[in-house]
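In what comes next, subunit A is part of two complexes: it sits with subunit B in the first one and with subunit C in the second one.
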Partner chain A sequence: MSSDSSFDGIRERARLGRYPIRGGGARRAVPAFDDLTFLTASASRYPLEGYREACATRTVLGAANARDPVVLEIPITIAGMSFGALSAPAKEALGRAASEVGTATTTGDGGMTPEERMSSKTLVYQCLPSRYGFNPDDLRAADAIEVVLGQGAKPGGGGMLMGQKLGPRVAAMRTLPEGIDQRSACRHPDWTGPDDLRIKIEELREATDWRVPVFVKIGATRVYHDVRLAATAGADVVVVDGMQGGTGATQDVFIEHTGIPTLAAVRLAADALADFPDVKLIVSGGVRSGADVAKALALGADAVSVGMAALVALGCNDTVHDFGPASYAELGTTAGGCTACHTGGCPVGIATQSPALQARLDPVRGAERVANYLRAITMETTMLARACGKADVHHLEPEDLVALTVEAAAMARVPLAGTEWIPGR
Partner chain B sequence: MDIDLSVTSVRDANAALRALPAGASARLASPAGRHNLAVGLTEAITVEIDGTAGYYAGGLGRDATVLVRGTAGWGAGENLMSGLVRVDGDASQSLGSCAHGGTVVVHGSASLRAGISLKGGTVLVAGDVGDHCGFMAQAGTILIGGDAGRGLGDSLYEAVIYVAGKIRDLGADARIEELAEADVELVARLAKQHGFDHIDPENVTRVASARQLYHWGTP
Partner chain C sequence: MCGITALQLRDADLRPRLGELMAAMMAQVAERGPDSAGITIYPDVRVLKGVGHPAALAAEWRLREMAGTQAVAHTRMATESAITAAHCHPFVVGDGLSLVHNGSFANHATIRRELLARGVPFDSDNDSEVAARFLAYRMAEGDGLEKALRLLCERFDGFYTLAVQTPDAFAVVRDVIACKPAIIAETAGWVAMASEYRALAVLPGIAAARVYEPEPEEVYLWTST
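Take a look at the complex of A and B:
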């Protein structure tokens, strides 16, 4: 309570008379994948040759129920981020990048844009509580459907889009008046519990002629039970978003004080799906590197999603532009520490609806950077898998990991390094 | 085309309906409260559900006419884009939720959250509606021939609600406004079109957004 940041928080609340709102993810340090390390091969394990022997990365989602399951060339997808929170060029760039490397990208609150559909070979269409822009035509144009129950940055809360970003096109897509501060509902309008969700999922399957898989996304809170309920309701894929997951705008108190770390969520989710072998698990929230991807897969995920990391690859918080420092200063922030996505003043044209700012983002060059990033972290993932003696990244397992802290050992349920000890066991 | 749901699965029945050309008609017999009947239709066909329908009857549709000859479960006509969903009896929760267009008509009463998150469609209920009717409704029209429950029009955006009976109470940011000539004409047209003879168009209450929740005053 005596730190400057606490004082700053008090002053900000005193000035605003309401809760602070911002973008980004949790700033506090929580146990994370960095707190784990791999036990790669040596005498007791036989490694694969890192530069010659193949290591499979192909990931198939939804094969049990969907006529056209989602086939990904890499186990990394791009998470749902809305057109509105992001600019059209940013959405286009993410779609191009995902297509380039053979993976999927995801819509967001507010619907699907034609640019996004055209640039994305595999596009996951979100069905959110607000249903802004949700319609059966786009539903049928999607390659998968994701019913969103919550997200890691604000589990239990609804979406938010400040008036600065609710320009004519975004407002029209969402059937909202231009320039209002949009509040999204936190509950779906036409179902409440898991029994209803089962019927809703069947409706979505009927409307798409059982062609595409249905994902259910949850914010990581009561993970074990929520994941089991989602699987019981008929999800092909459960997406679990940990507390490090980012957002375009929400209350700071949500970002910092709700949910559990992704590290803790993975094992709980994997355990919950033990009785559902056909249901796949995607994990997101704070995934940045190939090491994070490999650790998530080792703990039981079938794939991961990246959101904030993809935006950083695209140019978020970039310092290389001439216009950068002054533009960040106008927002009262700095490159590298900017979480002012909610203001719509994004200096690099990603989290804005301003035509002038959007023009700073070249979707083709941006897509190249994101595709490079996705390739690089896939290479890192396969490198670690080979070093553990695995010919498929999905063969990574908890036994390949140890923890560097007691907390991480307890959450990931792998031994503390140098011991056989798993807290609680 | 007649489809007997006691021997045909919902999946097969819906597939058969989707294969029909515009102008065709079909009858679904023995619905027995089955869910997801006639969902996702895209042609101007007419489907008669000969009894009680479960959840989402006629949902996610475009251009079709779906007639429920009994009561309907949750979300009848949900996310309708155009066309008509008509329920002869009562309807359960979330009637016509998120409908972008088209008309959802109930000749009995409707339960909670009728017209929730409405996005441009028209929701008409001859009888009473439960609590939270029109919650966060963004655009479109809701006409209630009877009484409305608690929290009517809570957090309304630009949809307009007309109530012929009593209103238990209004939700946050909803307010009663004076009827204009255009309102009376609209209500008269809708009431005549759907046989709501008990509604006096000049004697309904107009509820719309007070627009006090539109801004947080953030930088």
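Take a look at the complex of A and C:
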């Protein structure tokens, strides 16, 4: 009985007198892309040859409204993660990696840093409920704008940044006193629904002279309705972040008990956009491998975003590159299970504002690892697409998949493997 | 998995022999599609389809006795959908457009959903019908056959050699990889296309014909005279 993990939770709350806060995503097992498998080609369909038959990965976002649509060479972007939650070298490394492989990266709460702007060929600027660091100059320096309604780790909740990470630079950008615990707003003061949101989106388009696309990001809850409303309000791209999506600091109760799995969200979002052929869908939350990317695209996404995966590529929880286990122990955490992002005591220099810890992350070497990772999962995606006979990764479709569990079959609405049975159909 | 034959007669003297020539051509590609067969004969857009060996079907239809300006035929070895007359090519849709397909599309389910959402009806679950419906939809929207075929090349993934006839035209197009066979022959008297040369070898004047393999993603189009 003493090993019951719910008892650990009770003891932690009894000790703290408050709710636990941590970084990362949902830890519990939920139906996921791993519960699906591809029906690749053999006799009734023909596979493509990897060496000489092309499989396109180029993805264009926002072509209907923006004069300068976002053109991605790969269908994988880097999700919004704030300067504040992440160190400046980490943001720079993500920008360098995205630029090297021809994709976009995204700002986050607290605004845009010059390092990030300079290192990123395509930078998406988030417009968040907190308004921290949001200004017209950076807005006009962006390649796309992402209006954030919510996040998969905490749909319905606002961002958090603990006082340990509110150093002088972060505090100045957010016009906050140094060292206070910051709790961002859970809704933007300018809109409370799709009617006001439409006006906000028009305002952002006017401010940027209709040059760049406007994304709307939602945490996956009432996905069908929320995605339809985002599209109706004028979004060029809807970003849907499932419950496995990570965070730099959020109440554990949000991370584990809100939202729906990415697997279920992608299909609902694709349904919602059936009447909006020009609106593109980006899906995030627990995307780790090329198989995850290919499955998300098959279920209706035009692209995916990675957050945690990019940080892991950068060195999160790693002991191989520069950091031994001792560097974790001295900060009271453990390599492999570290979710201390919120404390600022990041052993690998990623989720910290401490100058000494930041120095552990070389942005150039880190960028190489992230770029390698993005290239590798793109190759895996095209490998699966070619094996399904597709000359473009976007031609993957739900009919290319079957499910290994009844739950996944019901959520993804593909047949249970070996049957024609889709639960509920 | 299938055999295609198509013939457009420029020489009016040959038109009484259209059925005879088509029956001879189909017999040469019967091994490629022994399950079932179908043919459209113009200018009347007469459609004949059936389950069984193509030679037996041609006899049953009395194909040899039929005259006409052009025809397109298909012998089928089914891939994913059932062996029934309804699943036989040609798929005849719109204003007398007939399409036959050798190959397998890789993204037809998505395109079918898009067409269904636009109110386009379907008769079967066959992937080739999606291509025929797509062409008819584009032509109803005002595109010519050549443009509609170019759009098909942009939108459809997978392997295909297509022969299409309308009351006014005959066209051939192949996918970018072009590994499903196709050969074209032209003389002053006719233009013909088949999956294999031996089906063209039965035509009168073949020795003097211009014979060539169609290039990938190039639309070949001949208007009816």
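Operating definition for what follows: the second predicted complex is superposed on the first by the 415 of 425 C-alpha atoms of A that agree within 3 Å, B and C clash if a C-alpha of one lies under 4 Å from a C-alpha of the other, contacts with A are read in each partner's own complex, and residues count from 1 in each chain.
Methods note: a contact is a pair of C-beta atoms (placed from the backbone, for glycine too) under 8 Å apart; a residue touches a chain by one contact, two chains touch by 3 or more.
Since we're looking at a predicted model, the values are computed, not measured.
K.L.:
Judging by the criteria at the top, classify the pair subunit B and subunit C on subunit A as clash or fit.
P.N.:
fit
K.L.:
How many degrees, to the nearest 10, separate the directions from subunit A's C-alpha centre towards those of subunit B and subunit C?
P.N.:
The C-alpha centres give an angle of about 120 degrees at subunit A.
K.L.:
Would you check which partner chain A:Glu53 touches, where first means subunit B only, second means subunit C only, and both and neither mean what they say?
P.N.:
In the superposition, A:Glu53 touches subunit C alone.
K.L.:
First (subunit B), second (subunit C), both or neither: which does A:Ala274 touch?
P.N.:
After superposition on chain A, A:Ala274 lies in contact with subunit C alone.
K.L.:
If we overlay the two complexes on their shared chain A, which of subunit B and subunit C does A:Arg45 touch? Say first, second, both or neither.
P.N.:
In the superposition, A:Arg45 contacts subunit C only.
K.L.:
Quick check on the superposed pair: does A:Asp196 touch subunit B, subunit C, both, or neither? Answer first, second, both or neither.
P.N.:
Only subunit B; A:Asp196 stays clear of subunit C.
K.L.:
Please work out whether A:Pro423 is in contact with subunit B alone, subunit C alone, both, or neither, and reply first, second, both or neither.
P.N.:
In the superposed model, A:Pro423 contacts neither subunit B nor subunit C.
K.L.:
Name the contact category of A:Gly389: first (subunit B only), second (subunit C only), both, or neither.
P.N.:
Touch partner of A:Gly389: subunit C, not subunit B.
K.L.:
Between subunit B and subunit C, point out the one touching more subunit A residues.
P.N.:
Counting residues of subunit A touched by each partner, the higher count goes to B.
K.L.:
Once the two complexes are aligned on their shared chain, state how close subunit B comes to subunit C by Cα atoms, in whole Å.
P.N.:
Across the overlay, subunit B reaches subunit C at a minimum of 32 Å between C-alpha atoms.
K.L.:
Intersection of subunit A residues contacting subunit B with those contacting subunit C?
P.N.:
none
K.L.:
Touching residues of subunit A toward subunit B in the complex: what are they?
P.N.:
Listed in rising order, the residues are 18, 21, 130-131, 134-137, 139-140, 162-163, 174-177, 180-181, 183, 185, 189-191, 196, 199-200, 202-203, 206-210, 342-343.
K.L.:
Which part of subunit C faces subunit A closely enough to touch in the complex?
P.N.:
The contact residues of subunit C facing subunit A are 79-80, 103-104, 106-107, 109-110, 113-114, 117, 157-159, 176-177, 179.
K.L.:
What does subunit A use to touch subunit C in their complex?
P.N.:
Going by the criterion above, the answer is residues 41, 43-46, 48, 53, 274-275, 277, 388-392, 395, 397-399.
K.L.:
In their shared complex, at which residues does subunit B touch subunit A?
P.N.:
10-11, 14-15, 18, 35-36, 39-40, 42, 54-56, 59-62, 74-75, 78-79, 81, 93-94, 97-98, 100, 113, 116-117, 119-120, 135-136, 138-139, 155, 157-158, 213-216, 218-219
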